[in-house]
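Residue numbering begins at 1 within each chain, and the chains themselves are lettered A, B, C, D and E in the order written.
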Amino acid sequence: MTFSGEFIAFMLLALAAVIGGVLLLNLTNVVHMIIALVFTFVSIAGIYILLSAEFIAGAQILIYSGAITIIMLFGIMLTKHNDTSEGKPSLWRRLFLLLGVLGFAFAVYIGIYNLDLAPQTNHLHENNTLQIGKALYSKHIIPFELTSVLLLVALVGSIILAKKDEKGGE
Amino acid sequence: MMETAWIIPLFPLLSFLILLLFGRRLKEASAFVGILLTLASLVYSILVLFERFTAPTYKSEAAWLNIGDLHLTAGFEVNQLNALMLVIVSLVSCLVHTYSKGYMHGDERIPVFYAYLGLFTFAMQGLVLSPNLLQTYIFWELVGVGSFLLIGFYFYKEEAKAAAKKAFIMTRIGDVGLLIGMILLFWQTNSFEYDEIFKAVREGAISQGWITLTALLIFVGAVGKSGQFPLHTWLPDAMEGPTPVSALIHAATMVAAGVYLVAALFPLFAASKTALLTIAIIGAFTAIFAASIGLVQTDIKRVLAYSTVSQLGYMMLALGSAGYVAGVFHLMTHAFFKALLFLAAGSVIHAVHTQNIEEMGGLWKKLRLTGPLFLIGTLAISGVPLLSGFFSKDEILAAAWEGGHPILFLLAVIAAFFTAFYMFRLFFMVFTGEARSEMKHVHESPGVMTLPMIVLGVLAVISGYVNTPWFGTFLGDWLTKGNDSLGHSHVEGPGWIMIVATLVSLAGIFLAWLIYGKKSLSRDWLSGRGGALHTILYNKYYIDEFYQLTIVSLTKGMSYFLRFIDLFLVEGIVKGVAGFVQGLGKTGSKVQNGQVQTYGAMAFVGLAVLVVIFALTGGYLK
Amino acid sequence: MSLETLQSFQWGIMAPEFIILAVAALLSLLDLFMPDKMDRKVFGYVGIAAIVAAIAALAGMIDHPVASILDDTFRLDAFSKVFKFILLGGSALVLLLAVSYEPKEGMEESRGEFYYLFLTALLGAMMMASSGDLITLFVGLELLSISSYILAGIKKRNIKSNESAMKYVINGGISTAITLFGMSYVYGLTGTTNLKGIAGQLASLGNPQYAYLLGLAFLMIFIGLAFKLAAAPFHMWAPDVYQGAPTPVTAFLSVVSKSAGFILITRVLLSIFGVTPSNGPGSIPILLHMQDYISFIAGATMIIGNVIALRQTNIKRLFAYSSIAHAGYILVAFASLSFVMFDAIWFYLLAYLFMNLGAFAVIQLVSEKEGSEEISQFAGLYKRSPWLAAAMGILILSLAGFPGTAGFIGKVNIFIGAFTGDNPHYVLASIMIATTVVSYFYYFGILTQIFFRPAAKETKFNIPTGILIVLTICVAATVILGILPNTALDFMHNHTNQFTDFLQ
Amino acid sequence: MSLSSVLSILVFSPLLGVTVLAFMKNTQEKAIKIVGLLATLPALLLALACYFHYQAGKDLGDFSVKANWINFVGDKKYFHVAYELGLNGLSLIMVVLTAIIATLAAVASMHIKKEWKGYFMLFLLLETGMLGVFTSLNLILFFIFFEVTLVPMFFLIGKWGYFEKEKAAFSFLIYNGLGSAILLIVIMVLFAKTGTSNIHDLQQIVNAAKSPLSGSVKMGLLIALLIAFGVKLPIFPLHSWMLRVHVQAPPSIVMIHSGILLKIGAFGLIRFAMGIFPEQFKDVAGVLAFLGVINLLYGAFLAFIQKDFKMVLAYSSISHMGIVLIGIGALNATGIQGAIFQVVSHGLISALLFFLVGVFYERTDTSLIENLGGLAKGMPLAAGFLLAGAMASLGLPGMSGFVSEFMAFLGLFKDMPVLAAVGTIGIIMTAAYLLRAVLGMTFGQAHREFAGTMDLKGAEFVPVLTLMFLIVLIGVYPSVLSSPLKTALETIMLGLGG
Amino acid sequence: MSSIPASAFLALALILFCIGLYGALSKRNTVIVLISIELMLNAVNINLVTFSKYGIKPSITGQIFALFAITVAAAEAAVGLAILIALYRNRKTVNIDEMDTMKH
């Protein structure tokens, strides 16, 4: 492999994403953690661009770096916003988990390592949004509509669960 | 008559059933039912016997149990031995029925008593009529039950309970031997029929080894039933039953069944020298062994019981020495005089309400009828010439001598001496001298009791003459007619044997008279010399204690050992499995600790494990 | 794609889904405009009516030949039809339970929402049953899941309900991620999300690395979906969630949601991995290759479910473990991959539907009246309400698999599958039967309470109409399916043609 | 009424009683008891009618009924289960025995003191199950009836039993559940491999030259069957449940349990284990005989030291079931017939003994031997029957126990004389423990507190006399059993190849 | 074509997936747990998008799939947070290890 610009970009983005993830694991202040994760999300958006998925990249920035991070921050603010106490779970569970994660990673890694898919040329980057739109509204119209139901459900559900009690219990 | 001989046992059976169903209403009248019905069967038996003198053996059978192609039959047979036994049984039974009317008077359970007697008589007659081993075994067990029930008649007495139990179990040990022997014989000959078995033996269809084995096993049954050593201990204890019962069952009939069995199967035994010798040895040993115990017992019935054991040993000795006729002959005479002795003893007990001879004495004058009758019995059993016992005992001694084992002969002679001694010891202690305890209202038994004794007394005197060296061996000739395998009709022993026998009995009587009659010799003279011996004898060689220590303890030990296994091994495994499952559940529910991350972790690690296993085994890496 | 093309599809085959969707939408609007004070119970009846209508619509199409819309994003085949009956029937009964559900705290103001969220959950499940496209299946799955999360937490002033929903969401999220991760590899190796397309692409797979990766994907999808089945190792959420959720929701989760999980797992795994060679062309399919893993999971599920159930004192928790165990039994049918697999799974789900919902009807009634979910509340039920006790007795016997009840026939079906073929699953069947015996302990423990123990109170139970109907239907069906199982089996045999159109 | 509907009516007639009872009030004690008793009568009458029909030389095949029932897969040819009932000599005898003992147990149930309605409903359900077990010609149907006996028993023990009733009920349930679970596996393997569960077809297919089952699989299935029925019988060491049931269950139920339910194990061994796997059975027969001797001795020795009379009888049942095993293990016509006789005989005898235990318990509130004693004084009839029962049990000739024991040993002695000889120790031990217990209870000094106890009365005579009559009848005239058995036995022996 | 091998993207996705998983199963604050799950879903999306371009048969479907995944993830996050808020009202805690009123 050559050190093309694309590669450097990938390396940087990947590094940022992983660092964001590692920070998530190691920081103690919850707000900091979420900020760290924003880096990851943005980096992932960059990766999408490398993968000729501009529309997804846009969606990624909007939804993850924007919406989800914000509601999570809201969530933190609404609850214990200054919570920094990050008690560690018991050692054996972490060890257990770590072993599991490593094992899993190892097994999957040998599957994807040097994976040669011999892809054909493609034209995803051309009019990416148009392609997505066409596919979405023709072939995938049923899941699309179903997703709207799902969003409605999530909306209603979030409201009824999160809204303050009218009966003034508190 | 012979064709309908099967009716004979039905009379007592009928008596049993009637009394079972209506006994409560009949109360004392039950006795009449029993007496009449046994009388009927006695009459019938006598008629059959007379017919048998002229007619040949009659046998009739029908299928009883079908097993596939196998048809086991049941029926009856009237041959010489049967016919004779039938009369003996019916006669003694009828007499005892009559006697009991007086003896049991006042007991509210008379109907039950007569019912049991009926059952026993039925079984005994059935046993005698059986044409095959299986049927024999069936009635063999049934007589055991009759005996058991009657021994335990006084159920509220602990001793009776124990004695009944003991009798049943001890005889059952013997029965199992009989059962095994019979079954093995069946698989060798494919039949339970006596005829078939004898035929197979004659034709050599069975190997010698099998003959010996089965014969010995069958003999085990006889040992149990006839109270031979080492299964004799139940018989003296059986005296807990009412005395008429002792007379009927434990003297005259049932205990003789063992002898009868050996006699009935004589061709089989005769085919094996080993078997015969074993029988002879056991018989001789039992004869002297029981007689020696009888020397020192103080319970009137127990003395008689040991005497019975001893006499049965005699009979076995006779059969074992190939003296078929001698054995059967003694069986008959013994039935009469021993029944007489027991009934007389019963009469004594009835009068004085004790069984301890130490407390008796001087009853000769008070019991004017019982005394002489008892004396007749005593003389007969002691082998005093001219009485029945003399002839039969002489036959036996002759057979033993001819059998070629002088030691056995010697034992028999000594036993005869002992017999004479202890019987007269008994007689003198009971009837002569002064009463050794306070005795009130001693009076002779009523006629209903004395009449049977008189009949038996007569028979005890004359029954010997059916087979004497002087007036002809009618019985022996008849018994062995048409059957070579039964041996000679009469063993012509050397003449001195009769003299020796007579002398020996007289010596015994004389010694007894010296000690107990005239009291010229102190009673301690003997017991003082052999103190230890006396104790051993008095305690019956500690056989009971020995069994208690060994067999009973062993059984109990085994039981407790198995219970240990049951509790700890069997249950333990079950508990272990249950505990394992429970433990699994406990662990599982501990892991379920309410932490959602644990749940996720378990799920994921589960996945990871599967994935890693897949990578290591099923994956393309391999 | 023009409007004409869109109109050319047989949208009519989606009639049941449309009915449910329309009524759900209608209810949500009604809920907005109806005065707060009006009783929302009527929603429940509307919902039941909608489901009945959907069942009728489905029944009308029962002999409809296999049809699909838009490249299999929706497909109506025998498989989807018969299984949708289970989903619809189960939901109708659960709704009846819900109508009679009067908890002491928590869900007064969200009753309206409850009903239409319930319908959307059902919609998601139905989509899972009748789609041949991974994306649609996934969205359907999530629609079911997210609706269920909310339903589980709908008693929002109840700490247990909150906690249950929270646990459900977190575990559900992880399971979704794992499933998707697996699906992403499947997509990557085939370039399509259409199940038929995937199958066609993979049928001639030769690259061992691909096969390996697909094996991993299989495990990920399987374990991810095991969450829905509440099968080991993804079962641990179930007891907590079942316990905390409102009883009708618990019933829904244990029956409808679980059935949907089985439908999905059968559809996805069988279509994708049933034809993919594990080791070059001509070798056995990956599915068969992974049979041992499925068996292992089935065995573990049965053991865990039944063994831990022994220690439960809370009736809902107990039934959670019992439902784990039943998932294990059905997995046995799946693991044996025999020619009666569909029959066995379908029949068992049907039987399970009736026996479990019936039991939940009683549980709901008793725990609501007594204000406690402890098993000891059942003490003396026999004295207090003999008929109720007898009904519960029959249902529990069916759950324990005693003959004369549907549960037994279900097990027989599974056994037939397990023992036929060249590779009989003796060990698995033995585990199944042994754990069934273990289950007698806790099932009969309940019966002990009901029949042997004295009652604390003598008051009789007033059985609400809804519960009465559910109980009657469930008990009747349990017994009828147990004695005359062919009422159901023939229905399936006559209308499915041995599921030959499953892969068409 | 055509003959082919006789069996269906016979089997399901008790359910009519269940239906009637369901609509009665629990307080109508007398009426409930009468209905319960009456409901057992149709089965009894029909069973006897079948018996005399067969004895009259007519064909038992007249009673066979077959109707298509369950069709597990679409394919019409395989995997369907027919509702098929029928009789052969063996099952006829078992049906008659069941009907008789059920009726007598219903009489004995008059001692039940609470919840009569539930009791009789379950009781009648149990009867249907038992009758079904013996008449099924189809393994799956058999299994269904088999399990139908399980549930009512659980409740009958658990609700109407004595102090540790629930433990006993669970013990019963789990052991038998395990046994029937194993049985189910065997049945399902057979069903799955052959596509049929008809017993006759199975015998053909399994033993055909081209059997779908390999020899080792057949052996495995046979061993599983032995374990399954071994639990029921019970064979050492699978017996501990049955002790608890004997002690804790109400006597009327123990009559049924000991009288019939245990016999299902023996029936199954003969009908299925021997019938379907004759070749393999020959290989394990020796082991069975050995186990039989162990059972016989183990039960006998343990019965010898029990303090509770019920325990004595419980271990005695184990011991007597050993004789069944001995007979089966002998593997010849004699032994097998002996085993069947023993099944019937022990059924009658243990029913009698447990009925009497119930009578004693009802009057004295104890069944501990040491607390009793001298009962022959106050209740001579009951004591007499107890003794007679014990005599029958210990194999007294003239009673049924002897015939069966004799044949079993006769059979075993043919090929395994040494083992059989060891087994005969059991005969002695049986006498020892039974006499110890029975004499302990009835002989000796009477306890004062029991002085006024009532003897047998009224309806109590019915079971006692009936059972005693049957015991003696079989003992005296064994052809009542052996003649209907003839054909069935021939069939079995033909299967065994000799 | 491209100089970056597909496996690099896949490896990145794998790493992120594992990080997300580890976070979801070890972090104490429920909000972080929820967001870790989002990270896992993001990793899946990387996979999908990668395959969309470099897969055996590149197609737009992968991106569509990713879009759906993003939508669903968002909905899930919202619902999760709503439930958390409801829980917080009652329990006054966001610590996941304190949610153990139901266990065993």
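Rule of thumb we're sticking to: a residue touches a chain if its C-beta (ideal position, glycine included) is under 8 Å from a C-beta of that chain, and two chains touch if they have at least 3 such contacts.
As the structure is a computational prediction, the values presented were derived from the model and not from experiment.
Colleague: Going by the contact rule set out at the top, which chains touch both subunit A and subunit E?
Modeller: B, C
Colleague: Count of steps on the shortest touching-chain route from subunit C to subunit D?
Modeller: 1
Colleague: Find the most central chain, measuring centrality by the gap between its CA centroid and the centroid of all protein CA atoms shown.
Modeller: Minimum centroid-to-centroid distance belongs to D.
Colleague: Count the C-beta contact pairs for C-E and for A-C, then tell me which is higher.
Modeller: Higher C-beta contact count between the two pairs: C-E.
Colleague: Based on CA centres, what chain would you say lies at the far end from subunit A?
Modeller: It is B whose centre lies farthest from that of subunit A.
Colleague: Counting only Cα atoms for the centres, state how far subunit B is from subunit E in Å.
Modeller: Subunit B and subunit E have C-alpha centres separated by 95 Å.
Colleague: Distance from the CA centroid of subunit B to that of subunit D, rounded to the nearest Å?
Modeller: 37
Colleague: I'd like to verify one number: the distance from the centre of subunit A to the centre of subunit D, where each centre is the average of its C-alpha atoms, in whole angstrom.
Modeller: 70
Colleague: Averaged over CA atoms, how far is the centre of subunit B from the centre of subunit C? Could you give it in whole Å?
Modeller: It comes to 78 Å between the two C-alpha centres.
Colleague: In subunit C, what residues contact two or more other chains?
Modeller: 135, 138-139, 142, 146, 149-150, 153, 156-157, 165-167, 170, 174, 185, 188-189, 209, 212, 216, 239-240, 311-312
Colleague: By residue number and range, which residues of subunit B touch two or more other chains?
Modeller: 589, 592, 594, 596-598, 600-601, 604-605, 607, 611, 614-615, 619, 621
Colleague: What are the residue numbers in subunit A that touch two or more other chains?
Modeller: Each of 89, 93, 97, 101, 104, 107-108, 110-112, 115, 117, 140, 143, 147, 150, 153-154, 157, 161, 165 in subunit A touches at least two other chains.
Colleague: If I apply the definition of touch given earlier, which pairs of chains qualify?
Modeller: Touch list across chains, by label: A-B, A-C, A-E, B-C, B-D, B-E, C-D, C-E.
Colleague: Once bound in the complex, which stretches of subunit C touch subunit A?
Modeller: The touching residues are 1, 6, 21, 24, 28, 69-71, 73-74, 109-110, 113, 116-117, 120, 123-124, 127, 131, 133, 135-136, 138-140, 142-143, 146-147, 149-150, 153-154, 156-157, 165, 185, 188-189, 209, 212-213, 216.
Colleague: Which residues of subunit B touch subunit E in the complex?
Modeller: Subunit B residues touching subunit E: 589-590, 592-597, 600-601, 604.
Colleague: Under the stated contact criterion, what part of subunit D meets subunit B in this complex?
Modeller: Against subunit B, subunit D makes touches at 236-237, 239-240, 298, 301-302, 304-305, 333-334, 337, 374, 376-377, 380, 391, 396-398, 402-403, 406-407, 409-410, 413-414, 417, 420-421, 424-425, 427-429, 431-432, 435-436, 439, 442-446, 478-479, 482-483, 486, 489-490, 493.
Colleague: Within their complex, state which residues of subunit C touch subunit E.
Modeller: 134-135, 138-139, 142, 145-146, 149-150, 153, 156-160, 162-167, 169-170, 172-174, 176-177, 180-181, 183-185, 187-193, 201, 239-240, 243-244, 311-312, 317
Colleague: Report the residues of subunit B in contact with subunit A in the complex, numbered from low to high.
Modeller: It comes out as residues 597-598, 601, 604-605, 607-609, 611-612, 614-615, 619, 621.
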